[in-house]
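What follows is chain A paired twice: with chain B in the first complex and chain C in the second.
Up next is the complex of A and B:
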């Protein structure tokens, strides 16, 4: 009874993972043709390619923007929805809707919203600034392309963090708030000294998961910008896709895949370390 | 009661109107892009969609029509949308059937079986969970090519019949079931498979529903893997199909809209019916450290 799952996980997860190490040391291609051992050449080639560094810098930039925006908004919404507001289940249901929307659909919607020059977002920007800020070519301008991707990504995914925060908030014992209130703590002090410490585990978990997901940024890039304009939204996975799938260079792409794995592993190890710290 | 004491009595009682209004406005803003999509899909052609996108007309449709839906389902040419839809349903159905069975069987054995290497297998599974799908897809594509499974349904179904995450989630649930239940079944002379099928599965519906929802959404929305493994329309799913509609140029803007609504509709319907389960599934997928 254990066998089917073991076979499937071995064949389609363990084997490709283990194989990617030797493959990354060859010049193997996706189409069958003779290949040879090239040592660490692929790693040298990747690590000396300015486009790869640009991609790595871009995902770092993306992560630095999306993690605070998405988690901050999710926490704010969780705090708001955790109160006794009439119809809060309805609002929670509505606020979670983007999270069940497929990224492909999200791209169709936001591709429309970002339309240059007369799309809805540009109209809003024009309206709010009384026409002083000209229309922005959201996805077409290297300066705004990554912030635009951050915006749609945060919109799509914050619902996940929101419900996790909500679960965390509901685990904080009510008597802690009662005690703080008796001590005369202000709303801010209760948030600072009861809510935040109570959410410590949740916070670490949410931040790490969001960071890992951010480093794997791909779908919205592939559909909306293909990494452009001028590589301003290129990411590590999009880079891997371009060299490995479009360029058919399996060996080179495997080297990128292993670098990605090492990054994700390091982030996970940080999580383990931080969480073990105080248990 | 003075307003001062009311202010002291806690966050729940302060500014109820302001809180209600702000949450209502925020919810409206958050949901509006989805509303916009549905409204746009009901407009007769792409010119009207684009022309009205920049004004409040984007939220109103004066002459609603289902024309785009008819068009999308009968659209053939290079992008047979109806075919993509059927393909997605096929992939979803078979992924769920196999995935539910194999993940839960493995979890049952890991939780209750008397297998020598149980702990090692479990550790290996948890270790493999860290490996991102993104970093194995190209070697996996190579394997599929070598197996002659490129551009097939099998390539989109087989790899998802078992995953460390779902085995682990079900394992956690099964391990919490009281020992007496298992022992009683053993005394009754039930075989391991019978215990799994007749005793454990029926009382594990919450855990099974969680896995079904997560696996179902994951399969339906999957993008990277089908993008790589489907080279023709033969087995291409809806997610990759819509991207094709949208990516090339905006000629089929109206169709991309209606296609998106069609893709979203089943998920939305399930969500509205089983909202609580959706939310708890998402939480449990996360809470494993």
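Up next is the complex of A and C:
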């Protein structure tokens, strides 16, 4: 029964990953040519490249911003559509729409929204501030480019976390709420002492998954900014893509992939340790 | 990791594809061929190419042309992926400056003997140059068109601002005149930005090295020294630092259309951008909006000599082609096809064939784009024809884009020059290059 799954996983995940390690020790090019073993040269080159560290810092910034925003929003929406409100199924569907829209499409739409100086978002800003805040070059200004990417990423992807939270919420026994209500707990107290502890396992899952996804940030960057302006949105995967496909250095790109894998693995382990069940 | 995954997937589908082909090859009648062609282009080009392919199929029963349209953005990366997955088509369109890298990598074959002699003789010198690999001086690619970049302007606007209108390439604006014009235009009513440098094309196309390198060459430097093939001492020289500092000052002054404002500000409502530093392809869209008021001017001279770019998308035949003779026959057929040529003419295509030039009133002496032809003859400088071009263009794009975004020119250019030299060293100088 497990055989097909095992074959697919090893063919498309394990084998390529294991293969990329030997490649990372050579100067192999994207377009096949004779190549030679270069030892750890590629790793040294990556780890001494300031652009790589900038990219790593950028994904760290991105993760620190997008995880709370995206998960917080997902939880809020999950609470909302868990209520017995009229048209609940409509809201459930509507809120999930961005998640099933392709990221490429989302990027094209948001690219238009972000347009400088006359895009819709800038018109809203101008209107709300009565023209006091000048138009913002969302993606063209190093100060606003990453927050802009955070905004659109959270908007596109929160649907998944929302559904996971919704499932978590529905797993909390209704009698706990009933008991809390009988004890005179306020709405906030019910949320703080019944809902949040009940979502503990869900939270761990959501945080780890969202962090891993955030570290792999690529599509939005590649479509909208290509890492600019001035490397303010460059990410590790964008860096890997650039050295591998544009610079044609497959060996170097494989070294980046291995380094990224180790980083993500370490973060997941630390998260698991910190969030472990202390009972 | 992701990359490896794709590679393996491509490899598997390549194997599946090879099986299909071997079966098909077994049943195909003699003299027939199944050709594949990978290309990019605007919608009108896709139509023109598909129609030409249909006519060729009708004229050569049994032969099929499978067209693989590939988006323009990141096209070069897709070629690399196709090669490493052994999925190369018989014919592929490529961006001219990448030719040296592809020939050096060993997957193209010379086409001198594969295409029509008539077509060969009809190619302009610049067209021959863009398709030739310097070490063996053989022709590897051909096309109907070539390219250049001009300054587009409104005649009325320049006259109102009392800015001199150059008559030809010899009296092109000097750098000082050009900057004075930008300054004057910035104060004209309705002008939001004096110039569009088409930053909106971004870094996924060849625009930055293609459109901006001439400015550096004219100012007395280059992306790389074309004798020693070293970037350090050239790309990071004072001349390049000064030239890029000057370009960055235009952005800083608010004279340049920002990247996120799109590529139509020259002719959009109210004409927010006064001048446009644009390719030949921009003429037809701008002429639609401006009509007779549209002026095409030569690129300014930033030093004693002017410079302008050349090179465009050209067609080559892969070494692994199942039927190179038929591939050459199709290429000749398509390029010489009347309807194909008409479609390009309607979009102000810059001629790469002498006969096509003679038949294009736009580029004839006295025509609105005559200056483009004159400029190509007098100041065209191809991008560095070296197998390290992917590394050169990557470093140049990052550096120039960062400088325009406000980074320190010297730091960026030094970094870029080092990256280019490191790539060449990593590949042992890309032999036979560097061995004189």
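One rule holds in what follows: the second predicted complex is superposed on the first by the 254 of 279 C-alpha atoms of A that agree within 3 Å, B and C clash if a C-alpha of one lies under 4 Å from a C-alpha of the other, contacts with A are read in each partner's own complex, and residues count from 1 in each chain.
What we mean here is this: a residue touches a chain if its C-beta (ideal position, glycine included) is under 8 Å from a C-beta of that chain, and two chains touch if they have at least 3 such contacts.
Predicted model, so just to flag it, every value in this text is computed and none were measured.
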item	value
Chain C versus chain B on the shared chain A, clash or fit after superposition	clash
Chain B versus chain C as contact partner of A:42, first or second or both or neither	neither
Contacts of A:33 with chain B and chain C, given as first, second, both or neither	second
Which of chain B and chain C A:12 touches, first, second, both or neither	both
First, second, both or neither for A:114, with chain B first and chain C second	second
Partner chain(s) touched by A:144 [first = chain B, second = chain C, both, neither]	neither
First, second, both or neither for A:233, with chain B first and chain C second	neither
Chain B or chain C, by number of chain A residues touched	B
Which superposed partner A:20 touches (first chain B, second chain C, both, neither)	both
Which of chain B and chain C A:247 touches, first, second, both or neither	second
Doubly contacted chain A residues - partners chain C and chain B	11-13, 15-17, 19-20, 23, 30, 32, 115, 119, 237, 240-241, 244-245, 250, 253-254, 257, 260-261
Chain A to chain C touching residues, read off their complex	11-13, 15-17, 19-20, 23, 27, 29-33, 114-117, 119, 137-140, 142, 226, 228-231, 237, 240-242, 244-250, 253-254, 257, 260-261
Chain C to chain A touching residues, read off their complex	1-5, 7-9, 74, 76-77, 80-81, 83-84, 101-102, 105-107, 202-204, 258-262, 390-391, 394, 401-402, 405-407, 423, 426-427
Residue numbers on chain A that touch chain B, as the complex places them	1-2, 4-6, 8-9, 11-17, 19-20, 23, 28, 30, 32, 77, 80-81, 83-88, 91-105, 107-113, 115, 118-120, 122-123, 155, 159-160, 163-164, 167, 177, 181, 187, 190, 205-206, 209, 212, 216, 218-219, 222-223, 237, 240-241, 244-245, 250, 253-254, 257-258, 260-261, 264-265, 268, 271, 275
Of chain B, residues touching chain A in the complex	8-12, 14, 16, 19-20, 22-24, 26-27, 30-31, 33-34, 36-37, 40, 50, 53-55, 58, 101-103, 105-106, 108-110, 113, 115, 121, 125, 128, 130-132, 134-143, 145-146, 158-159, 161-164, 167, 192-193, 196, 217, 220-221, 223-224, 227-228, 238-240, 242-243, 246-247, 253, 256-257, 259-260, 263-264, 267-268, 271, 275, 278-279, 282-283, 286-287, 289
